[in-house]
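What follows is a set of structures for review.
The same subunit A turns up in both complexes below, where it pairs with subunit B and then with subunit C.
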Partner chain A sequence: MKLDRRQFIQRAAATSAVATAGAMFPGISFGDWPKLTGNSGMVSWQKAPCRFCGTGCGVLVGVSDGKAVAVKGDPNCSVNKGLCCMKGYHSVQALYGSDRLKKAQVRKNGQMVEVPIQEALDLVAEKLQQTKDKHGKDSVAIYGSGQWTIPDGYVASKLFKGCLGTNNVEANARLCMASAVTGFMTSFGIDEPMGCYEDMDHANVFITWGNNMAEMHPVLFSRMLANRKRRTNVQIIDFATRMTRTSQAADKSIFFKPQTDLAVANAICYEIIANDWVNWNFVGEHVSFHKGKTNIGYGTEDHFAFTDKAESIDFEEFKTFLADYTPEKVEKISGVSAKDIKYMAALYGDPSVKVTSFWCMGMNQHTRGTWINNLVYNIHLLTGKISTPGNSPFSLTGQPSACGTVREVGTLTHKLPHGVVMKEAHRKMAAEIWEVPVENIDPKPTYHTVEMFRALDRGDIKFIWIQVTNPMVTMPNLKRYRDGALKDDRFVVVSDVYPTPTTDIADVILPAAMWIEQEGMFGNSERRTQHFAQIVDPPGDAMSDTWQIIEVARRLGFEKQFPWSEKDYIEKIWEEYRRFHSGPKHEMAPYSVLSERSGVQWPFVNGKETRWRFNPKYDPACTNGKDFDFYGKKDNRAWIWARPYEPAAESPDSEYPFWLNTGRVIEHWHTGSMTRRVPVLHNAVPSSYVELHPEDAAELGVVNGEKVKIISRRGEIIMPAQINGRGVPPQGMVFVPFFDESYLINEVTLDAFCPISKQPDYKKCAVRLEKA
Partner chain B sequence: MKRSEKRDRLVVTAVAAFCCLGVVMGGVGAFAADINLDDFDHQGRKIYVASDETPAFFMSAESGDRNLAGFYSLRQYPGSPPWIPHPVDLTFSGDETDCLSCHAKGGYSQEFGKFVPITPHPENILCYQCHAQVTTEELFVKTDWKSIDPPRLGRPFLGGSPPPIPHSLQLRENCIACHTGPGAVVEIRVAHAARGNCRQCHVPALQTAPMQEFHRK
Partner chain C sequence: MPIFSYLATPKDGAKDRLCADLTALAYCQIIPADNHDVIVLVTDTPNETTEEALQESLKNLQSLQSLDLAFGYDEN
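Entry: the complex of A and B
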């Protein structure tokens, strides 16, 4: 009786609805609505962190009949307090693209053939062993990402560094967060932000350094806007190279020429000292001054090596160094008026104003990325605006677990879960926890990401396993690395969820479980570890990346190191990994706590999360009895660095007169392999384009939508122009979003990197334009 | 014929309404107590604010401009943020003046020839964070995505009893915004909005969640 009535109403509603919708919205199929048949109609909700950026929003995933059907913001998660962005709200749709990889494939006679996944894993193990035997341990490599769950990265590091004995472990976070890490390590001796998102509810001034937060971290940006609306004394300063939606929302935009942020940051310090806005108590107690090498190069040649050397200086030497950076001199370099420089300095210098600086790829993807991170810390340290609510130099991340998996687990060539391979004590600790001989762990780092793909091209690496990332879209100077990977005796294994330009070059494709199809943890920008249970089943043979590695490790004879059962391997791996971080500086929450809460911040000491580090009011690791304790450095001080302005690796000249800048749009995340399979996101931005300044477009003779050829010394690409769109570059610059695999802009970009962090600069190279 | 006469009268009313609606829907802050509960269930004050500040003649106005079919055709699943169904400028910044100038207060839009739907959450001002501006209907690849059914309407527990609220209140705490006035979807418009205290009679009972039964322990 009940069912009959329900069916009747359903049918009646559907029929009239389809008719009406068809008339009102031609082409839009309202008939899709009642598609999920046979379900009970019940939706259950389970917590997870969002799959996309490093903000780490808590979401509640609605599940009906075994399928993820809806998303709500998790009101219990302090990150986003119940709000998501358009990617988060539609994230579950990214699980259901019709071309989802469900079967393993191996290349047989040049053709990819579907095989049972166990057979593919046999082949992976066999090839890995063969390559290692024939060409040595450093001929095999694994390349993962900041979208690896924490257990994914942990087992990868354990297998490659601990068992196979090679430091050929890298992750795409090298392309996005490496300069942030070296910035933290050089300034504070310990990685990751001292503050947290709560800073936004206290700060009076927000300065975004080359950071289009309105599109890239929209949930955080809207929290800033809400604060500006609610409190009267809040303003947002957009310090940028290009006009964006962040500029539109900001109280003031200040535009600088690419690379000159270095000079402007120094000029701000000059002004702070010249006006005696220095917080002398803080500087005297908690800061020491240093300088490093200069003219440090750009890494465009193979085997490039650089090691910085720190020298102590005193305040007077630092002041003398800054004499080259008066606002008037810097105006000439940067294009920022001396007045605007003084204005920014006055905001940082005003003791009654709390300032939070935000940055992400603009400062990290920079051939002097470590330096510019240091320089922004310098400003906060000179004024003592740090480690207190609202005073926060805040480095944002772009991937859901760049912090959790790459920086904390240490899935980089020189890193271990605790410390670095170069230090014996750290190797001993890892060997003990991993139950491997300490000699297994090689004390010498091998290749950072760019050099790893160069080694693959040269043939030094013959076997590479790529998981959860799409380097055949994201590597700069892409053509060289694709050609290299395709060479005859290279063996490429790719674990992914959809076909991509990277699976196109694979010899084996392993179908992976995605996001909530497996249990795991991510770690977001504010030191928050976020656990998610397996909420839905993976399709076909798809298997978690962690379990794929375990399967291969066992085939290689490492059953002892990988003993876990499929039932509780994530819990067991977490509890093993947690031992690396015990102690008040980095204690992680136990599994039982993580599985209950919508994220937990570390250090998690005596049942309490640490919101502001280095401040004894909040941080139990502070022991010096003073008002701050910068315990990361041996001298218990934060380091101010004298770092000069040096030009970009390649600047526009008469032959290639334009800057090329690349980045993202709000709708798409990274290479678009997930977001382009979300109908509404693809419908919003179906393809990439090149943003031009209207004057440059007129000069070139193109109007909106007409094709432009972009040519660099590495390659060329033809794509449609966008003029006066949502972003407008200044004259002499073009901007291209990189999500679209049909327009591989990275064939044009340059593989120059910061010599300290080895992170490439995707924001600056020289191109010329032609009307196509 | 009759309908168009009614429409003309409404336009006049609505234009008048638009002029005097300057502060409608915005002043939640005045009610903000010291106890600030972020919990969406505790933001019911928005109903009282909206109810107080929306003139009765606006609440009771009717246009027939929007129906449920159109409402759902903008959404990927019940409760997802709708995409923007009208052209917006390419430089679209989505800030307050762009979206909220119409969608905070409602009223008649000359440009689109319709009454404007009112957002239930005007305090969130970064509109494009969630609402996409769609430019094509083609897909990148086909999708196997299936949505659940939208909640069905009415369905009181007893004949004649007030129907429960079939959707989550999260970001939809303000009943007045969507369920009253000429911009409301006709099938879910209420005729008795002036009573003000909606949740006096209507309780949230999601049809998609299992019914909780009381058992004495």
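Entry: the complex of A and C
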């Protein structure tokens, strides 16, 4: 039976309601459903991870007549146990926006013209080869995403690093997770959380560090709330710079001035030592103390370079370092009362209380992002509250495969699927698996993301291929990078599913398959790899990003490295990639296991997943015979770092007296290119706004909905005010969600970054306001 | 031209009455659950004015305890 568009939507509406009822009332039956929907009533349900955030909820996608018509939470997935958030429940609608890209387009005489995709791929290969021949291997680049599937990222790295010989491979996870990675590497010598979501079922105290989990990780936040309701001894502390929905649900909110989380974390450590709440057995056996460089800069200038240098110190030196961070001194810097600092320290210090700390962009998008990650680990390490159920410093990811693709496959300039380009052994391993000469792999990293777009502006990069991301909305100090990309001799290829400000600057647009229109894998925040089959067909000429890269690689002469057939290329790629992680520290599940389960946590050894790493009760990689084994570092210890408070790159002054903080809302995913095409989500929050404190609004003379001009040293924007909305910033701060391409807030933000992680700080720059 | 779906909960003992009331309204289709006091309601109205009038009619149904929105679509 052929459906018109309206009948299809009616059917999707009915199916969604039936699915919702199924989630609320297990076993509920609707015998009349097939009559209304006018078909056989046959809806097949297939598993997938959700397309959106890094939580990695398992979903069941309902398919009828070849269309995805409904979503329900997968009760067999331990991540969400059948629950979804509003984005998840509506996710299949994002497949069917009316302006979906279905044909390739090529710029001819300044106009985008539709062409067969094979012709577009010919042009991409030709331009890539020409640019490399004329300007050298480092004049071509690929910029991907934490929304790349694992195979997408793997073939991108193999082509560019292994075959073309350039380390110009980056991904937007540099903008969201790089500080978490450098935090893990510097503190533990190995990436990704030691704990898992099960920590939530054991912890007594949750402390969210600059983390609005109620909107950004709503399913996990619900699990925290459910634990608080079910158990009597659970509380949630919201440590934040502005009032959010998380604050409303928390037992206590403690507000700090931007950037001063560094000082507060040190004060908590001071207090733990001053009160002798240190877990001496743990510290003596498993911890070593270190310091690094200070006054490390902010990276706002081109070609900025920084390398940290670790020096060993002892406990007494660490204690002396902390003398500058008494609660009373830090109260003056941070605005957090000494009493509240002592309260937080007492929670961490109480040996009878299990504490899980959560964080995400607040700590990572920070010019001292690596440091603040280190400092929260310090607290957990001093008290020994780590790697046991409920005791967990837990860095949450923002994107569905920031961990799986960017961090594990290593789609960053310095990384390889195992290790880094700087190490000969790692290059040799990659060359062997990739079947390329080891000399192909350059031992020197090139450009991290901000510097990559600076290189595009300068003309050091002439060809860039952008997949599954929207940098012309998300790059900080955006105008510079958009102007740079538009320069005459730059060639920009964009693979995407909808038109965006990034496709606007493209010379070639490749229509991409989205999510369940292809087979793939994501990797979530808790080391869980999640396979999904192709469930529906992509529209028109749309093709998976993986296959687009394979097509171009073959045109460039790399048939040997990319020999797979369309029938089973994902399985073959997975099994090749898995060789990089062989061994008990990172063993990945075989394809046959992944394809059957709703996600598998690595290390996956002898058929068993690893819930808590570094703890021999759970982790087969522990071999030292002790109660913990921090095997990532050569000294087999976790590292406590003396890291000072240093101010933000740009702070409010008399000319620009407000902090600008940017972020997200629950209804929209990142730049809104998908969720703004889902009517119910779009209508819930149809456009962006600037949150103001009521007293600042009164002083400015604006009421709700009136226009405010936000001006920084880099640009300005006019947008409507929101006062006493879902979020309320303190006086002297404004907050703007970045999902709306009609209001490009990143024209105002600053491209300062953490010198260690190279991750930009989207949470702090100085602006002034005018009534528009 | 909005399309919505809801889970409609009847007042105690009023499921049959609610089914009849909803069926009597234009632009409404229902799927009653076989084994729970829940009814799936799908509405498809031609314009905003009709949608508002329908919402008003729904609000006035004596047999209706609550409506929970499950799905929404509006081309405008």
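Basically, the second predicted complex is superposed on the first by the 732 of 772 C-alpha atoms of A that agree within 3 Å, B and C clash if a C-alpha of one lies under 4 Å from a C-alpha of the other, contacts with A are read in each partner's own complex, and residues count from 1 in each chain.
Keep in mind that, in the parts below, a contact is a pair of C-beta atoms (placed from the backbone, for glycine too) under 8 Å apart; a residue touches a chain by one contact, two chains touch by 3 or more.
Here the structure is a predicted model, which means the values were calculated and not measured.
Engineer: Based on the superposed arrangement, let me know which partner A:A214 touches: subunit B (first), subunit C (second), both, or neither?
Structural biologist: Only subunit B; A:A214 stays clear of subunit C.
Engineer: After lining up the shared chain so the two structures overlap, which partner does A:P679 touch, if you call subunit B first and subunit C second: first, second, both or neither?
Structural biologist: both
Engineer: Would you sort A:A346 into first (subunit B), second (subunit C), both or neither based on which partner it touches?
Structural biologist: The answer is neither, since A:A346 touches no partner chain.
Engineer: Between subunit B (first) and subunit C (second), which, if any, makes contact with A:N724: first, second, both or neither?
Structural biologist: After superposing on A, A:N724 lies in contact with subunit B but is clear of subunit C.
Engineer: In the overlay, work out which of subunit B or subunit C sits against more residues of subunit A.
Structural biologist: B
Engineer: Intersection of subunit A residues contacting subunit B with those contacting subunit C?
Structural biologist: On subunit A, the overlap between the subunit B and subunit C contacts is residues 6, 9-10, 13, 16-21, 24-25, 27-28, 30, 32-33, 36, 89-90, 93, 679-680, 683.
Engineer: Quick check on the complex: what are the subunit C residues that touch subunit A?
Structural biologist: So the residues of subunit C touching subunit A come out as 1, 3-7, 29-36, 38, 40-42, 44, 68-75.
Engineer: Which of the residues in subunit A come into contact with subunit B in the complex?
Structural biologist: Those residues of subunit A that touch subunit B are 6, 9-10, 13, 16-21, 24-25, 27-28, 30, 32-36, 39, 41-44, 62, 64, 67, 69-73, 75, 81-86, 89-90, 93, 96-100, 214, 218-219, 221-222, 225-226, 229-230, 245, 248-249, 666-667, 672, 676-677, 679-686, 704, 722, 724-726, 728.
Engineer: Would you mind writing out the residues of subunit B in touch with subunit A in their complex?
Structural biologist: Residues 29, 38-40, 67-70, 72-73, 76-81, 83, 85, 90-95, 123-126, 128-150, 152-153, 168, 170-171, 206-210.
Engineer: Help me check something: in the complex, which residues belonging to subunit A touch subunit C?
Structural biologist: 6, 9-10, 12-14, 16-21, 24-25, 27-33, 36, 89-90, 93, 679-680, 683
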